[in-house]
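Here it is: the structure, laid out below.
When the chains are written out, they are named A, B, C, D and E in that same order, and each has its own residue count from 1.
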Amino acid sequence: MKKLILVPKEVTAIPVEAEVISPTVIAGRTLDEVQRLNVYQGKVKLTLADHFDVTGEVAETPAEQIIVVDGDAPHVKYMGAAMDAGRLVVKGDAGMHTGSQMAGGELTVEGSAADWAGAEMKGGVLRIDGDARHLLGAAYRGSSEGMTGGCIVVGGGVGSEAASFMRRGMIVVKGDTAPFTGVHMNGGEILVFGRAGKRLGAQAKGNGGFMACFGGVEELLPTYMYDTTYSPTFMRLYLRQLAETLNVEEALRYLDKPLKRYRGDLAVGGNAEILIAEP
Amino acid sequence: MSKLKVTLVSGRTAQQGIGLEEGKTSDNYVKSVNHVQLCPEDAAKMKLKEGDAVSVETRHGSVVVNWRPSKELEGGMVFFPYGPWANQVYGYETEGTGTPIFKGIEATVAPTKGKVKSIEELVKSLGGDRK
Amino acid sequence: MEVSFKLNGVEIEDTFAEGFGMWGTRLIITAASRKWANTAAAEMTGFATSVIACDCEAGVEAEIPPEESLDGRPGTAVMVFGFSAKKLATALLNRLGQCVLTCPTTAVFNGLPEEMADAMIDVGKSVRFFGDGYQVKMRMGDGWEARQRFWRIPVMEGEFLVEEKVGAKKAVAGGNFLVMGETEAATLEASERAIEAIHSVPYVITPFPGGLCRSGSKVGSTYAFLRASTNTPFCPAIKHSLKDSQVPEGVNSVLEVILNGLDEPSVKKAMGVGIEAATKVEGVKWITAVNFGGKLGKYQLHLKDCVGGS
Amino acid sequence: MKDIIVKGGYVYDPLSGVDGERMDIHLSAGKVVEEVPERDAKVIDAKGKTVMPGGVDIHSHIAGSKINLGRLLRPEDHRKDPVPRSKHTRGGVGYSCPSTFVTGYRYAQMGYTSVMEAAMPPIGARHVHEELNDTPIIDKAAFTLFGNNYFTLKYVREGDKEKLKAFMAWLLKVTKGYAVKIVNPGGVENWKWGRNVDGLDGNVEGFDVTPRQVVTMLAEANEELGLPHTIHLHCNNLGIPGNWETTVDTMDAVAGVKPTKGRKNTVHVVHCQFNALDGDSWMTLKSGASKVAKYVNAHPHVTLDMGQVIFTDTTTMTGDGPWQFRLHGLTGNKWVNSDVEMEAGAGVVPYTFKKNNPANAIQWGIGLEIALMVKDPWRVYMTTDHPNGGPFIYYPKVLAWLMSRKARTDTMLESNKAVMKKTSLAGNYREYTFNEVAIVTRAATAKVLGFKDKGHLGVGADADVSVYDVDPSKWRPSQYAEIERAFRLASYTIKGGEVVVKDGEVTSTPLGSTYWVKAETPPELEQELVKELEADFKKYYTVSFRNYPVEDAYLPTQRVVKAQGGVWK
Amino acid sequence: MTVFTDVVCPFCGCLCDDLEVTVEDGHVKGVKNACGISRSKFLNHEKNRLEAPTVDGVEVPLEKAVDAAADILSTSMRPLVYGLSSTECVAIAKAVELAELAGGVVDNTSSVCHGPTILALQQVGESKTTLGEVKNRADLVIFWGSNPSQAHLRHIIRYSGMAKGRFIPNGRKDRYIVAVDIRKTGTTRLADEYVKVEPNRDFELLQALRAAVRGHELLAESVAGVPREKVTELAERMKTAKFGIVFFGLGLTQSEGRHMNIDAAVGLVAELNNHTKFLLTPMRGHYNVGGANTVTTWQTGYPYAVDFSRGYPRYNPGEYTSIDMLARGEADSALVIASDPVSTFPAGVVRNLAKIPVVTLDHKVTPTTMLSKVVIPVATAGVEAEGTAYRMDGVPLRLSKLVEPREGVHSDAEVLEMMIKRMGGRAY
């Protein structure tokens, strides 16, 4: 693996659009070419080197490339967008659309991520150690295809409408979720270890998708029906996998906890499941 | 003097519409928006008299305004006509939608000795002193 | 008995067991407790000794400790063999449906990973309909780990979880050897030891009762309507009633150990450890194997190789 | 503006009887002329290239509330086709619901210079014209919706054809419309109660008339008014398997209508593919193209356009509200409905035509079958019913299918087998010639629309010319990709004597004209009509009668076409 | 004295077009048929007018103000163009063009009112109608989170409540009116039934209604403060109406849930179309906010929150909406047209607006003009300038020019055109 280091020169109020910060874009170029890649600030077109000190090595292929953004970059949008291999580590906060449409590889944000992180994600793993803001892993306006694959693990809490129009893939939230998580969900898995916010799974059709809440729920919609309290075997699989492959240790605490099963959203004739761990 | 926990609702009123067409600096406009409406029972709880000012506070900010009784309101609900005074107590979080919340906000209302700002003072307090 | 060699003082005939090809599969049944995992496994592998008259041959391969199973519960690995992939699938589905789906708390996982398998049997394709429209397809690990697909089927007790596809492989059946002893007791004990040893070898089962077959069998019979009959040459009680008895002197009881495995090395290894274990029992005289001169199957599992390899 | 000579190209001008001859076209002052002096003219070298009159699209949805609802509904569609601004052009978005500017640019880039907006609700006419004014380069016209208009239905019920004619003339005038558009006659009125009309002889609620009566009387009135175009008809039962029968019945219902002077046809049936379905359900769907084509071949009063399906994600939009609700139910896709008081309605639903979907594959086949089985190219026109069958940017693909059996076969092989079994396309060997392409994309459409100065390159024609980079003397049907390439981005498009596209890029963006039709009405009759209209307006409309007509301010570049040979009692 | 009839009112989304305005000596003297607000608009349009163009509070000639404005927009990296809901469509088109030229963001007031309605439409669609069908057919009218008695004063009379039509010959008597609100209002008083919903709980009630329409029995005793029986009863009433309509307002879009409230309402209405005819229509506030969305959509594909920084339009409410741009301190200049964000935006955002150069085109003094660097007085559209406006239901109407603006005062469109020219536009 070859490592390229980008140090943000300053945090600006006007955001910088830098979809070029991606192993997929960078690999195979010379360092000089990388420095001259275009980024945009408002209507002004600049180069990567205008905003970052760029050092390190460039790999031949994306899979061998690690990019480290060494510092806070809450103003930098689209980092890792559409990346399909390799690794990107942001050692601080990340701006909007981080990892949106990513298809593979591993993206880690050690701080928090702004809105639309992992939006329309197709594959790979996105870790956000801090909080994620609104519309995490969501669909674009008007689209009914949100996340279609991959996995997002958030260490903190998430904002509104996480996983909207989710089709496949998994979102794990260690902290709390805001309202409308899993809205219009049509497949995929959401596991919340903090407290789940209101209107979870609103308009969800289900299609095999479930939302599991291990840290309590603020309130459920009246259009979710309680079915039973049980310990479905399948959840054990998820919890063990979370602990083993994604280092979500707290998962193991819930292996034997019975779950309350709710089904809905009846308003759309859905059969999505909400599973809530008994305290 | 007691604080009252309320739900704050803002909205349009015909008076405000009529006033703004006269001009935002007109008395009619200012009067139509520099007050809150309370149900008489809530006003009584706070021992408010006609002409008293009240302070309205939310987690986003506070403002001093006049008050008027409204029989249509139930206890615990306060109506604040849209306008520069109401804006002092709203947050700007849009949760990725572009639209802040203007209705159904937790607030407290309390009698105050404070003074209701004029429109000029209000604009100035927001940083607008170019004139 | 012209050629033989000795192991632990027991004569081992230098012959071969004649194995033949079958399709085998392996799955892991887990349950809330060991008891129920074993119950389901026993039920599922019942009446599955020989394809002569059963739909398949099946047996328990091993017990899986909780920490090694996918869901962290006690599990039992079961193997099922059939004459073709299709027949295997049919038998498997019938048995899953009747014996495991019905058994409290069980779940079924593939025990033969795709990379080892020659084909994948789509179990979910038919089992899921038991859910009557309420079955849920569970997609695990999209884009994050290896993709796995399961079906969740509501049942009265809770939920039955079954992996959508299980691996199947061209396998080897008909591994065997005969334990011949002075007494019935010695023969039985030696055979039991052999079975115990065999079960330490992965991917092998012994489909007969307790792993043993006392009747043996030979192809055909004096009765025209019977496809198989007792293995007369090895029956001590009629030793002198027939010309070609193969019961050596001093042998008064014979038991056949029969095993199937996923591949030839496993079967051989299992035979080897089995024979080794049997020879350690006092009173065991001879060990040999059954073959049909290469007419039945393509695998010639020479005892010498098996023992040498163990 | 400099004179232009388009020199040495292979010219296809079917209306003038020119079929691939190498000749020069001279343009001056916005018109085709006999000759201009070469030394003062801009000479365009068209050697080895194909020269045709500017394309004329007879049926498209490019302006007004319906397409704009489509635009509003589909940010996800726009996002995949952003169009940056350039020195000469505005930015915008493309794909299935392009922004107005991009609509103009992209049509011009394909060599099209005139496009008809096929459905204008009268009360929304201002909206249509505002958008047309923001649609650069191309000439335009909009067809006013009549088939479910309260007054149409009222006069049909009363059997008052003279009043109906007066109303038609009036409504075309106040909406600045060009033709009489009918969408699912009676069905949209019934949809106001959430129902559809039951075929050609079903009951239109509240009026007790049938679609048959509505269509017949509108067709008769249309011809008696002498309007330049026939009625422009979207039949009942669109999108319902088995509807070929309704379609043929509808055509036959107007068989007895006497055409106006100078033409033989009395009805144009739009996007025929959607109305040529056979079978009882989507499961048993098969092609009804041969049945429709058989009727058309035997009856000269009918013209058609294809409504060709493209395998892509698109946005369906029609004035046929009940059909759109049905489609929403079939697909579960998001649904916009927009009812228009007293006169019309509309629906918008995104849809993806998929190759592996048997019904879609059959639909794809039907469109082409119709174009290939109707023998007379002057009566069947190339459209995709943009964006219903697919976005107009795919026209070159449709041309490739028409001109190359290999192109069709290659697509068929990638598609669901149903297209082989349930249509006769595989057995059809016809391949369009360049001349036939010129007919179905410009000459015939201009002619049936009644545009005297369009669709040809005779002296006096509008100087609308397209030059395509394909040498017809060398081209073979197996090279169908060449056709797609050449027709996607014209070498030159000349509009009104000005080069607007060069090498596929827009170089200039003049505002084209908007055409509308004026039909004279006897003054007393018009007065009487207006009195009646005004009374009903007061009762039933929410806009005042005075505010209904579109003001001249909305037509900065209007061209008025007078109806000829009107007959009044 | 001139009497103009059938004048279109440029105040609210009702766009009443039956006004009679009397003009004498170039001044409006009287208005008939108008509501109180409309009357105020016509009669007071000359009061509190901006006197002259100013830069930094200093009066300057118009050209200088235009120059200053153009300079601000050209030199800033991230200009924001905002407003547009109270002007006519040519001005809106020019504003979009200007934003494109400046590589900035163009947004309109729908981002703080019915933006959520548009977001919902983009998610699930919308089933609407022009108001005439309501007048002619609606036997069940539901006002949900909307209060026409204060905001759309003639709506109930002209279109929805009292209006007589083809199948509603007796007007009010032939209709059943339901008002859903969190508090009593003039509208709830007028309704046959008032459904009191708890604040921020509309979503739950809408979902419960839809589930009830689908035939599900609710387990909860009450939803959003409404007893279960009442939910079922209302669902039944909706299913059995001949023609139902929901008019919803900012009670849904500006409370918790925002666009999801509309999403739920749209879903409920779509569901009801399996049983009967049911539609919904947003109560648009400003008279041409519909036009702002409509024009921006046909020009760019998107209705508001459009960013041109990359040379082509991009759309994302929450990112390119004015409130968010200002809250993040992202906009480094602003052009405000026909709007008063200082009076309508939360104070925290206004503080940021006060930090950047603002150019404002308005006819009157407003808090926004008070903190603007450049102020250019313009003619009042619909009184002093003509043009198109789109009614709340999408019907376009022509605004009239009744009187001449004061000398030297131009329409929004004209001033914007000057700025475009000054910035080197119109290469097309």
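What we mean here is this: a contact is a pair of C-beta atoms (placed from the backbone, for glycine too) under 8 Å apart; a residue touches a chain by one contact, two chains touch by 3 or more.
Computed from a predicted model, the values in this text were never measured in an experiment.
**Student:** Taking contact as defined at the start, I'd like the list of chains shared as neighbours by chain A and chain E.
**Tutor:** B, D
**Student:** Counting hops between chains that touch, how far apart are chain A and chain C?
**Tutor:** 1
**Student:** Counting C-beta pairs in contact, does A-B beat B-E or the other way around?
**Tutor:** Contact tally favours B-E.
**Student:** For chain E, which other chain has the most distant CA centre?
**Tutor:** C
**Student:** Which chain is the middle one, judged by CA centres?
**Tutor:** A
**Student:** What's the farthest chain from chain D if centres are computed as the mean of the Cα atoms?
**Tutor:** Max centre-to-centre separation from chain D belongs to C.
**Student:** Determine the centre-to-centre distance between chain B and chain E, using the mean Cα coordinates as centres, and give it in whole Å.
**Tutor:** Each chain's C-alpha centroid was found; their separation is 22 Å.
**Student:** Measuring centre to centre with CA averages, how many angstrom lie between chain D and chain E?
**Tutor:** Chain centres of chain D and chain E, defined by C-alpha means, are spaced 34 Å apart.
**Student:** CA centre of chain A versus CA centre of chain D: separation in Å?
**Tutor:** Using C-alpha averages as centres, the distance is 46 Å.
**Student:** Centre to centre, by mean C-alpha position, how many angstrom separate chain B and chain C?
**Tutor:** 82
**Student:** Which positions in chain B touch two or more other chains at once?
**Tutor:** 95-96
**Student:** Could you list which residues of chain D touch at least two other chains?
**Tutor:** In chain D, the residues touching two or more other chains are 73-76, 79, 334.
**Student:** Would you give the residues of chain C that are in contact with at least 2 other chains, written as numbers and ranges?
**Tutor:** Within chain C, no residue contacts more than one other chain.
**Student:** All pairs of touching chains, please: list them by chain label.
**Tutor:** So the chains that touch one another pair up as A-B, A-C, A-D, A-E, B-E, D-E.
**Student:** Contact residues on chain D for chain E in the complex?
**Tutor:** 63, 65, 68, 71-76, 78-79, 82-85, 87-93, 97-101, 123-124, 126-127, 130-131, 134, 136, 191-194, 206, 325, 328-329, 334-342, 348-349, 509, 539-544, 546-547, 551, 553
**Student:** Using the touch definition from the top, list the residues of chain E that touch chain D in their complex.
**Tutor:** Of all residues in chain E, those touching chain D are 5-6, 8, 17-18, 89, 93, 97, 100, 118, 121-133, 135-137, 158-159, 164-167, 242-243, 270, 273-274, 276-279, 293-295, 297-303, 308, 310-315, 386, 388, 390, 394-398, 427-428.
**Student:** Within their complex, state which residues of chain E touch chain B.
**Tutor:** So the residues of chain E touching chain B come out as 11-12, 35-37, 39-41, 44-45, 47-48, 56-57, 107, 111-113, 115-116, 119, 147, 149-151, 153, 182-185, 199-200, 250-251, 253-256, 258-259, 285, 304-305, 317-319, 321-324, 326-327, 340, 342-351, 354-355, 364-367, 370-373.
**Student:** Please output the residues of chain C touching chain A within their complex, sorted ascending.
**Tutor:** Interface residues on the chain C side: 30, 70-73, 105, 107, 136-145, 150, 152, 158-159, 161.
**Student:** Chain C touches which residues of chain A in the complex?
**Tutor:** 104, 122-125, 149-151, 168-170, 187-188, 208, 230-234, 236-238, 240-241, 245-246, 255, 271, 273
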